[in-house]
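Scrolling down, you'll hit the structures one after another.
The same chain A turns up in both complexes below, where it pairs with chain B and then with chain C.
Moving on to the complex of A and B:
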């Protein structure tokens, strides 16, 4: 059975979860074999490997998002994605 | 936010004449200027801001689409323009493919929420494969505007 791992993260960047961090996130997620989903409360999950998916989130500063990874190496991959997510993009 | 709320109808182009990334960005900013935006000197500064953002990472997000954008004090609300390049433009996109549809966004400073909501509107339209293929086939700004204003995104 495929392993799955999830974690809730908060957007800390004053610009919100904007295009550049999204691009870094998609780039990292695309390397993983399993699925990557990003959920915002009250909205359908979006594909974390798709820019058009992430662009639909409208995650302003303070928004909580749930990142979920499935696949044989889900826990480690989630850790990588959290690191990318928490990197400081200040443009 | 629906695309029709921020796309400047008079700045739409169905046939970009430039063939290179910087020239295309310049042409789209010029289209906004002729539509009545910016004071003298500002267009060049807007172009610089967009190119600076492109240096960080290309806004060519794949599948023939790019969303060049910048924050700039010359606008007091978010404005955008759309251009279709039938021949394709090399844009250093993530998938290395040329870009055929460009959506440019210029946002006022310190209004991140508006920018994110505009991006959501753009994504809703661009996720629709029929919309994108119709856009690519459009031959006049009016046809592009009709597609944008008829879409829910």
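Moving on to the complex of A and C:
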């Protein structure tokens, strides 16, 4: 049965949501059976499994993003994605 | 004769017939298909995407093996974008719903996204749009079944490639035996394309502005990657000079073997250290091959360029260690702290702002002093590397004594921090400063007391002394290494250094230009640092003269009052010693 979970995250690093964390995020999202969308206020939601989509968000430092996962085991999956998101900003 | 000036990104000269690459890349017709063809068209698309993805991964592996993982990563991102679900979906929709032919659908989709990224007007994202063009080309060439093929892979004979721009993967796949050189209208010093050219040792000039309209395929052209010049409709004299130079390059292997293990010693037994300038750790090999006495200038900007984030300490340390491993523990390696700004921009738009006059703005050491965290990270990495070899640190763009003292204080702070953390480093690592701003040359006496060595950066020194940008064709004639004003500043710096026992080296392009060798030796220089490819020639000149001869030539040259007289005199003197070395 499909469940859904969402969480708001902030881009804190000065380079914004850039290529490397994006690549890691897309790789993790692509493994998930359900859907992953990423939203930025004022813009249409984009597919979290698409680097092109995420690039289009132009998420600079200070941007708040909402990550929403829908599908089996959504809550756990969201946790994994949040972790990937946060870990990959560490240098 | 027509001389076009651009930015030299990879040294060497070549003369040969032009191969002009289509300005527009692959031309795609606005073609539609019948409804019944949709299935087979989608299948064609799938195959092309798979092929392009495989190419990107092949590139990734080849480039990683050739020049290092960080360059290969560019193509890893390409592979990921090629299989991007949104992208594929969008192309499929155009085929499915609008019945576009696959080529047309791919082209429309890619251009839409490239344009969107370009319009963001952020350097970081517009670089990415050229990556999208690269991907588009790759998918299209698979769709056309290699029918058109890649013209660069199917050259009928050795050629000089002229193009509006080359993508990073096109450059990476050039065959150095078939491609004598390349020149492009677009591009800058820091592009992926420039980096690949340097690593492959293909002479290259970029950023020429409009040139393709003035040349047709088969025309004879000259590319001078040392000076950033492309010559069309060459006159006989120039042609002869370059042919001579090319012959020299032809005999290169032989000359290398002859000279490689001999010291840069004058006929009367005085040695001059001949050092290499490098940008990438991989280029250490070029130094070793030419028997360099060490690395006189390791530019570290490329650690910061084409990045989306600052290089961390361990990444920098690894790069420095790679150089030290290649060069060995004894030979000097001069690491210059980052010299970004002016023509070399980087991703930190937060600390680098648009400026009206970037050459006189927040660049290089000024940027470092303002951004201590960035600066200290590099200093830590250099210090940590210092205990593993003969590492020397050098600060660029110093314009006042105060600035130099600030740098030394920051370095002392970092040493203290390392001490507290119990991390080893060489406490006696020699410290040097670039002399490339006229104010520093004029204050050389005071600066000499503060440092172990000077390195005269002639490129900037000439530009700032004569207030002329050599890439600006309207004023480039003013930019001249032989200008008496420049020579007097150099002379003054050498005298100041001698007085205080400070070592002094020249690391600009002037030190690799044979017509200035006798002069520089005569003025008292015993260290020259240059593009490794120039070392054998300069060594040959040094081995053909005595110090007395050189002094006489220098004294005479210093008497002239115009660059023209200086240069023609020096050319004459050099021709006397080594006729084949003299060109323009």
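Basically, the second predicted complex is superposed on the first by the 86 of 91 C-alpha atoms of A that agree within 3 Å, B and C clash if a C-alpha of one lies under 4 Å from a C-alpha of the other, contacts with A are read in each partner's own complex, and residues count from 1 in each chain.
Note that a contact is a pair of C-beta atoms (placed from the backbone, for glycine too) under 8 Å apart; a residue touches a chain by one contact, two chains touch by 3 or more.
Just so it is clear, the structure is predicted and the values come from calculations on it, not from any experiment.
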Open item on the list: Per the contact definition in the header, classify A:59: touching chain B only (first), chain C only (second), both, or neither.
Closed with: first
Open item on the list: Taking the superposition on A as described, I'd like to know which of chain B and chain C A:12 touches: first, second, both or neither.
Closed with: neither
Open item on the list: Contacts for A:51 in the overlay, against chain B (first) and chain C (second): which applies, first, second, both or neither?
Closed with: both
TODO: Could you tell me which stretches of chain A are touched by chain B in one complex and by chain C in the other?
DONE: 14-15, 18-20, 23, 26, 51-53, 55-56, 58, 61, 91
Task: Residue numbers on chain A that touch chain C, as the complex places them - done: 13-15, 18-20, 23, 26, 46-47, 49-53, 55-56, 58, 61, 91
Task: Complex contacts: residues of chain B adjacent to chain A - done: 53, 56-57, 59, 61-62, 67, 69, 94, 112-113, 115-117, 119-120, 122-124, 126-127
Open item on the list: Quick check: in the complex, which residue numbers of chain A touch chain B?
Closed with: 14-20, 23-24, 26-27, 51-53, 55-61, 91
TODO: Spell out the part of chain C that touches chain A in their complex, as residue ranges.
DONE: 76-77, 80-81, 84-87, 113, 116-117, 120, 122, 124-125, 128, 308-310, 312, 347-348, 350
